[in-house]
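One chain, chain A, links the two complexes that follow: it is found with chain B in the first and with chain C in the second.
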Partner chain A sequence: MGRRVKITLLLAPALLVVSVLFAGGLSAAVVQSLGYLPAIGRTEVSLDAYREVLGSRDFLDSLLLTVYVAGASTGISTVLAVLSALALRNSAGRLSAAIFQLPVTIPHLVAAVGIALVVSQTGLGARVAAALGLIGEPSEFPALLFDRHSIGIILTYVWKEVPFITLVALAALRGVAAELEEVAQTLGANRWQRFWYVVFPVIAPGVVAASLIVFAFTFGAFEVPYLLGQTYPTILPVMAYNEYRSIDLSSRPAAMAINVLIALITALFAAAYLRLGRGLGRG
Partner chain B sequence: MSTRLEIQDLTHSYGGDRPALSGLTLSVEPGELVALLGPSGCGKTTALKIIAGLLSPTAGDVRIGGRSVLNVPPEQREAAMVFQKSLLFPHMTVESNVGFGLRMRGTPRGEMRERVERALRRVHMGGFATRKPAALSGGQQQRVALARALVTEPRLLLLDEPLSALDANLREGMRGLIKEVQREGKHTTVFVTHDQEEAVILADRIALVTDGHLRMYDRPEAFYDRPLNREIAEFFGAANFLHGQARNGTVETPLGALKLAIPATSGEVTLTIRPEAVRLEGGENSFSARVREATYLGTQVLYGLEASGGVALKAALPPHTRLTVGDDVLVRLPAESLWALGR
Partner chain C sequence: MDRKNRRRGNLGLAVAALLVALPFLPLFLWSFAGEWRFPALLPTGWSLRGFQALAEPGSRVIEATINSLVVGGAATAASVAVGLPAGMALGRYEFRLKGLVVFFVLLPILVPPLASTMGVHLTFIRLGLADTAFGVFLVHLVPTVPYTTVILASVFAERGVELEEAARTLGATPWQAFLRVTLPGVAPGVAVAALFAFLVSWSQYILTVLIGGGNVITLPMLLFSAARGSDPVLTSVLALIFVLPAILALVAALRFLKAGDAKKKQEGLLGLGKVS
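On to the complex of A and B.
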């Protein structure tokens, strides 16, 4: 009992910050999304904002775009990360590791600006391509920013998240997977069989967990789509931000409803992740 | 499925100043179980990995069934390996683990099931087919690993310290199982161990390797009765060494002239005799000594004796020999148990 009290006390400062900033913010959002805004004289509680949001074409478009961006970023990052990890696992080289760890330390905002400088039609990539004669004018460079397919956003996320998933996959590969692969080899498994039947299943739980984190993050992240995304439809967090910034305070409940919905969807992914973690503990 | 294994002049260097293996040459007869015995870091696991194909030797050759396999990848060598850790595939059931090698070869499902079942029964794990490895004890996991290696009827069975991660009581059972299964299937087997007791109990022949060199390759009893030199004798627990001059079939020692059943070549020699072979009686090769130390070991008593001229000897005698420190006794070193070590 004394031990538990001690642990609780030790955790108290962190718990306080989390509960005030996170739970406090979230409950404020929930309250406002239900239309309770005494500042503008609204005190009755209703689900009108949710009805309005969920019934609107804008929300549906945004939701689809968000799922597409988060899904594509996660999928591409995961495949590239697994391939990179397989390529890197035998190299003890510090350089490759350093190059790979670099993006992890760079803020998303800076990454977005960096990608924009390289891939915009007036950027480095366009000028290099023109100079090499691949395209006539820099402006002929394909539009990768503010475009319908959100290429710029996905590129930024891939650049940022590949190293993260790679590190997780590498840790698994360099651990027991290497020994299991040797066993499989002496039992007659060729390279492809070893990957498919042994290595992949062994690193999959870690990789899946890491990509779920990436999905949940890219689903709820705001700054990269805000900087590099098209004006319509926007990604859900950008949509929520635009509603929030509206001069008309009566659109505040809708903004908060979108936020709560983002939180709910992300929570679903977190639950899936936790379940996976528990499954691993048992296995 | 018995195959001969030959290792010729095998040398391997990891890039340090001393090679892990140098010039290892030995052959394993079809169906024979050879123990590669040596302290950790002596190069024995390196040798095993080279045989399996997981490492390429710096120099030398490995021949399985008379053909060099240096250019054959591990998956085609048919040399199944069991490691120190069971290394079962954690995401597969016991059944899938054991069937793995057959599945990789495209064995038909029905035949696979039958052979897996038989292999599991052979290691007394018949009822565990649907379990996951995590639900098994360490000993059970190691038995499944053995079944997994055996099920494909490999040409070679390579065992890398398969018992060292087990508790003492489990080790004995597993040791028996390995011997039983190996005899039954007549698998040509190389067994790596640092435990001389294990090597003596299991092996048909023992290859003693230290510092990457083969020191002695012979039947287990030869390591006790006729060790090549003092280092080998000490590795096998010899405690008695006597210096002397060999002349006309006898050896002049501080204990007097001793007769040997196998005479030593003339010149300076070191004699050895196992503590168990020392007798408390008169006759040929006998002298008097005083008991200096007595250690009761349960099944025997180990006595420290001091003979004339301060020569110390160890004698292991049955527990009913009740000598006490200070007693004077007559000691005999039987000629057939005295052995002159090489120089």
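On to the complex of A and C.
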């Protein structure tokens, strides 16, 4: 059997699944976003849905919220993760792996429910505040769920993603960075110089790649904002879903147009992630 | 100096453990709470009301658990079966367009499967796959297959082909070499990939809602509607049941990770699991 034939055959099942169910689904979304829906007698193709979506106030609000939530979650997670990796580099390896692996493995839904029971106005945080005499009534505790600033959503993401990025940074730090840092110290570099010129360049590629994954994920994720988010504006995937569920089938092209835009934006991040991976030399 | 650093590191670790444990604290307390009014720091009465409610016939928890297990089991088996050959091709061989293939296979991890699933829904309705467990199983493959493929690709890349070639030199047929040498060698990696695929499928909410259309009830759907309701006891009990496989998988995965220097790579891979 020729080598090329063998590789093709080995790849065929996976490519078939991704092509039919994923790429096929996205293509169908594109077609429907263009207004082609024979099921309801619409066969003209136009960019009306995109014009409508991109020109609407709702979409703009939703896009801004999505960028804000994904950006804040990613930014906060990345900074906290680098700091905790630096703080924990000397701790017991296996123990830290176990502790950080836990949030990474826990489903987002459980994380959201747990965080909600901590930060709600009758939650654990409010009870501690009451015990300390800071508040008397639940309503005096700041509203952190279903709120304008999406604090509950961001807290859930931070709880989930800080450990993920920390693990990536720790893996880099425990490798070559420790030795290089010692050399730098011997050569007289101070703490800041050692961080900026030695440690940072070593952990940066992994941390940036992990942050890209986190941004793409939080940009397109549905569950946590659907559970803990406010009613308006909603995050883009929730907006697409609400449009999709609407009884009025004529709003379907708009729902699909939002989907296509989400897919395009997240695909850009995927490409950046892979490009970064290749630039670093695979394996 | 070094000891001081270590002590500081372990202190940091204790703080990290506390923060990680924090959301689980109310889940445990509420699960066994009988009465827990507002300013009380701890429940003032205890009960097993939540667990009893779930055991009642009307609760649908058993049905949902079975559905979650069946769909998850099937998605795991299928995505390992599909990911094993693909992982072998990507891990062992260099070929033209390999970068493109990797990008394509990885895409469903980063581009939300919700978008493609809404697109495919109409076709599923036409084919009679909507509102069926089989249809739900099919869309769960979209997020699971990329994971098994990527995990197994790195497993194959790490192993090399020397042992298999030696077996061939000693007269084994390609099939014998694969079955007796390659497969046992990658078995731990296959187990990790399977755990992953199962957890990813187990955690799916919106894909199941869309394609299952309320006909195929799974555990995350029950948890979701409980969380939107006003009974923290029921919500917490469901959350604990729902999280159980993840905890078990974690314990199992950490055991695998004890082995040698595959560790670092596996840590990174496990990290990918968050995108579920």
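Quick note on the criterion: the second predicted complex is superposed on the first by the 276 of 283 C-alpha atoms of A that agree within 3 Å, B and C clash if a C-alpha of one lies under 4 Å from a C-alpha of the other, contacts with A are read in each partner's own complex, and residues count from 1 in each chain.
The working rule: a contact is a pair of C-beta atoms (placed from the backbone, for glycine too) under 8 Å apart; a residue touches a chain by one contact, two chains touch by 3 or more.
On a predicted model such as this, the values are computed, not experimentally measured, just so you know.
**Q** For the three-chain model obtained by superposing on chain A, do chain B and chain C clash or fit?
**A** They fit: once the shared chain is superposed, the two partners occupy separate space.
**Q** Using only C-alpha centres after the superposition, what angle do chain B and chain C make about chain A, to the nearest 10 degrees?
**A** The C-alpha centres give an angle of about 80 degrees at chain A.
**Q** For A:A28, is the partner it touches chain B (first), chain C (second), both, or none of the two (neither)?
**A** second
**Q** Touching A:V183, do we find chain B (first), chain C (second), both, or neither?
**A** A:V183 contacts chain B only, not chain C.
**Q** Does the superposition put A:P138 against chain B (first), chain C (second), both, or neither?
**A** second
**Q** Have a look at where A:P225 lands relative to chain B and chain C in the superposition and call it first, second, both or neither.
**A** neither
**Q** Is A:P103 touching anything from chain B or chain C once the two structures are fitted on A? First, second, both or neither.
**A** second
**Q** Check the residue A:I262 against both partner chains and state whether it touches chain B (first), chain C (second), both, or neither.
**A** second
**Q** Give the label of whichever partner, chain B or chain C, reaches more residues of chain A.
**A** C
**Q** Applying the document's definition of touch, where does A:Q193 land relative to chain B and chain C: first, second, both, or neither?
**A** A:Q193 sits against chain B, while chain C stays out of touch.
**Q** Would you check which partner chain A:G152 touches, where first means chain B only, second means chain C only, and both and neither mean what they say?
**A** After superposing on A, A:G152 lies clear of both chain B and chain C.
**Q** Quick check: superposed on A, how many Å separate the nearest Cα atoms of chain B and chain C?
**A** It is 8 Å, taken between the nearest C-alpha atoms.
**Q** Identify the overlap between the chain B-contacting and the chain C-contacting residues of chain A.
**A** Residues common to the chain A contacts of chain C and of chain B are 283, listed in rising order.
**Q** Using the touch definition from the top, list the residues of chain A that touch chain C in their complex.
**A** Those in contact with chain C are residues 3-4, 6-7, 9-11, 13-15, 17-18, 21-30, 32, 39, 84, 87-92, 94-118, 122-124, 126-128, 130-131, 138, 159-161, 163-164, 167-168, 171, 174-175, 206, 210, 213, 216-217, 220-223, 226-227, 237, 240-241, 244, 255-256, 259-260, 262-263, 266-267, 269-271, 273-274, 278, 283.
**Q** Where on chain B does chain A make contact in their complex?
**A** 52-54, 73-81, 83, 85, 87, 89-91, 100-101, 103-105, 132, 134, 148-149, 152, 158
**Q** Using the touch definition from the top, list the residues of chain A that touch chain B in their complex.
**A** Residues of chain A touching chain B: 176, 179-180, 182-190, 193, 197-198, 201-202, 283.
**Q** Applying the document's contact rule, which stretches of chain C touch chain A when the two form their complex?
**A** 2, 5-6, 8-10, 12-13, 16-17, 19-20, 22-27, 30, 38-41, 81-83, 85-86, 88-90, 93, 95, 99, 101-120, 122-123, 138-139, 141-142, 145-146, 149, 157, 199, 202-203, 205-206, 220, 223-224, 227-228, 232, 235-236, 239, 242-243, 246-247, 249-250, 253-254, 257-258, 264, 267-268, 270-276
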